[in-house]
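Next up: some structures, all given as structure tokens.
Below are two complexes that have chain A in common, paired first with chain B and then with chain C.
And now, the complex of A and B:
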């Protein structure tokens, strides 16, 4: 334990990367999910099949595989491009690779959350907006999006807590988040238990913070729904 | 001669048809509302009266026929398919024809005031401060000035429907469509909504009201239209339709109501 103590700030410092990676990935997944759901509601003939295929594919793949695919795939592609176009190969940032890979993959889950949320909304609320003479774009931004987001909070919170944990997978491609740093410290101090215990505490703390935030959000919306 | 027969026609439906799959819900409905008319549309459930009303602002796209608003023709054929070409015209039609729904359909994420302001700021592009003042006046008009900050879930059904009426009035539509405005209400709340509608009728507004309130049709309407099986069976003054008509379907329909009341 004594050997681990000096590294405490180092491990905990990884939290910044963990949180940042999770937030960026989450934002990416939410944007994809919302956009795909709204596209499907336009009734465009291509929307249904394309979105369904996307969901089916990315829900079936292991997260790790997606990360490898994006990270090494892009690296090789960039190298080939560098050779043929004669520029210096740019290294792929693990952060970027992870946020793209997990963001796109969890976008598939968020499509489901948002389309369920959309289905749960009384269609009369959209009709009322159309009947008033709002343009379709305003019906979307003023009525559909706020109501979908509100209905999606529980599902999204759940998704976020999963994404927090999945972000640890980024350690395999060298992203220095909490897990990766704990592993490095464990290796050098020969105190794996202490190092990983610090990581455990880190994850528990952010999970608790996320749960608190969810409860607050839900409470503030519930007050508009109940007398 | 009544006033309604001299005033110009503001809203006219010509040969409106609507089929859902193989089912023909409307088989060519004609109707003309003169300025200031209060047209009560009555009929058994499934007669197509709500569908007809929803065809008038194209919330339901008619399969055929025309809606003519103040001389401007909106033909069903123009709005078939996913054409964006006529979307702007549709929005204009809807700005001029307001609708009040059976289940109120207030937006739950906005207060009573916010619901009423929406049409002012988003449809009429009124500045927020002015819109707020105007919305407050409208809430006052429906007797809910003190409930401006309440969310729909904090209001009774009757209050919600009155807010919904204020929301519809905000954009100053020339014709008001009411789709069974009291059918979702507890009996003791029906009166407060009907009296708001009655007050609007007295202001000389043109209204089409799909209703099961025969008493309202008798006392407030200038015209009564009886629909059954997707077509107009009887039309005329309340007296003609509700008292003098010899139509067996209409007599059977009315007698059912007398038993209930």
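And now, the complex of A and C:
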């Protein structure tokens, strides 16, 4: 235990990376989900089958497999490009690979959340917006997106807390967040029990904070709705 | 990506062996998780205030820890405690990566399944429980013969979702050297200096496996749905209705 204490700030500092990675990935997933949902609502004939296939595929692939596919795939593509265009191969940032892999994967879950949210909205509100003479673009940006986002808050906050946990997988391709740092410390101090216990506590604190935040968010939105 | 490797029997044979391990991991950890999870849900609903809060704490802790960290903690951290390195516990669980994975996944599943089963218990109609007492069953019998079977049927789709999550999460076992579907794909990839092709083959198998499980659950959900009662005018008698 004593050998691990000096490394405490190092492990806990990994929380910043964990949270940053989760936030960027979350933004990525929300953007994909919102775009796909809005595309489906336009009634484009290709939209339905393509989005459904995307959701079915990425819901059934393990996150770890996705991360490896994106990481190795980009590596090979970059190497080939480097050979044919004659530049020095650039190492891929694990942060970028994780953001793309998890963002695209969780985009599939957020499509489901957003399309449920869209279905729960009274269609009369959209008709009213059209009747007011708003252009279709304005109806989307001023009416549809705010209403969908508001209705999606419970689902999205669940998704975010899942994402915080999934971000631990990023340690496998070398992103230095809590898990990776705990592993490094465990290796150098030969006290894996203490090092991983610190990581466990870190994640429990985040989980508690996320639960509190979620409860507060939902309460504030419920009160604005009822008002 | 090389076509010759993708269509070789060597690749598919070794990956199919990995698929067996993935299925075994999923089935065992779901079974243990369901047993522990049901017990936790019962304690949470019927237990004393103290027991209920202990169960709630268990659920919070194991839902909050990422599975990877739990696995690292049990696989690398726990053997530091000397009494875990002796006796049956060491032989069965902690000495092998596979045993540790089963333990970690079961503990994790139990927390999620406890919440699902608790939801199922809370949706059992009060009238059905009262009917059980009215025909003279003891509390224990009412729980085991009436509440739990109906609760299980009510949360079947959630158990199904949890099964799919476990199939996907079991790929984490490959990190601690278990040769499951993903682990076997990486192993083949290392031999042939080709990371991508075996991963794509594994991805196809994961897709097929998840689709099969999804179909099975949808079928079971329909097959177990109770027939509408004569007086209910075609309405499902088991509508979701929270009785607390």
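Here is the rule we go by: the second predicted complex is superposed on the first by the 226 of 227 C-alpha atoms of A that agree within 3 Å, B and C clash if a C-alpha of one lies under 4 Å from a C-alpha of the other, contacts with A are read in each partner's own complex, and residues count from 1 in each chain.
Just so it is clear, a contact is a pair of C-beta atoms (placed from the backbone, for glycine too) under 8 Å apart; a residue touches a chain by one contact, two chains touch by 3 or more.
Values in this document were obtained by computation on a predicted structure and should not be read as measured data.
After superposition onto chain A, the modelled positions of chain B and chain C are compatible, with room for both.
Of the two partner chains, chain B is the only one touched by A:146; chain C is not. Contacts of A:168 after superposition: chain C is touched, whereas chain B is not reached. Of the two partner chains placed around the shared chain by superposition, chain C is the only one that A:196 touches, whereas chain B remains out of contact. Once the two complexes are overlaid on the shared chain, A:43 sits against chain B while remaining clear of chain C.
Touched residues of chain A were counted for both chain B and chain C, and C has more of them. Per the superposed model, the minimal spacing between any CA atom of chain B and any CA atom of chain C is 25 Å. Looking at the complex, you find that chain B touches chain A at residues 57, 59, 82, 87, 91-92, 94-95, 98-99, 101, 103, 105-109, 118-119, 122-123, 151, 153-154, 164, 167-168, 171.
Chain A makes touch with chain C in their complex at residues 56-57, 59-65, 68-69, 72-73, 76, 164-169, 171-172, 178-179, 182-183, 186, 191-197, 199-200, 203-204, 206-208. The residues of chain A lying in touch with chain B in their complex are 43, 122, 124-125, 127-136, 138, 142-143, 146-147, 150, 221, 223-227.
Within the complex formed with chain A, the chain C residues making contact are 60-61, 63-70, 72-73, 76-78, 80-81, 164, 167-172, 174-175, 182, 186, 195-196, 199-200, 202-203, 206-207, 209-211.
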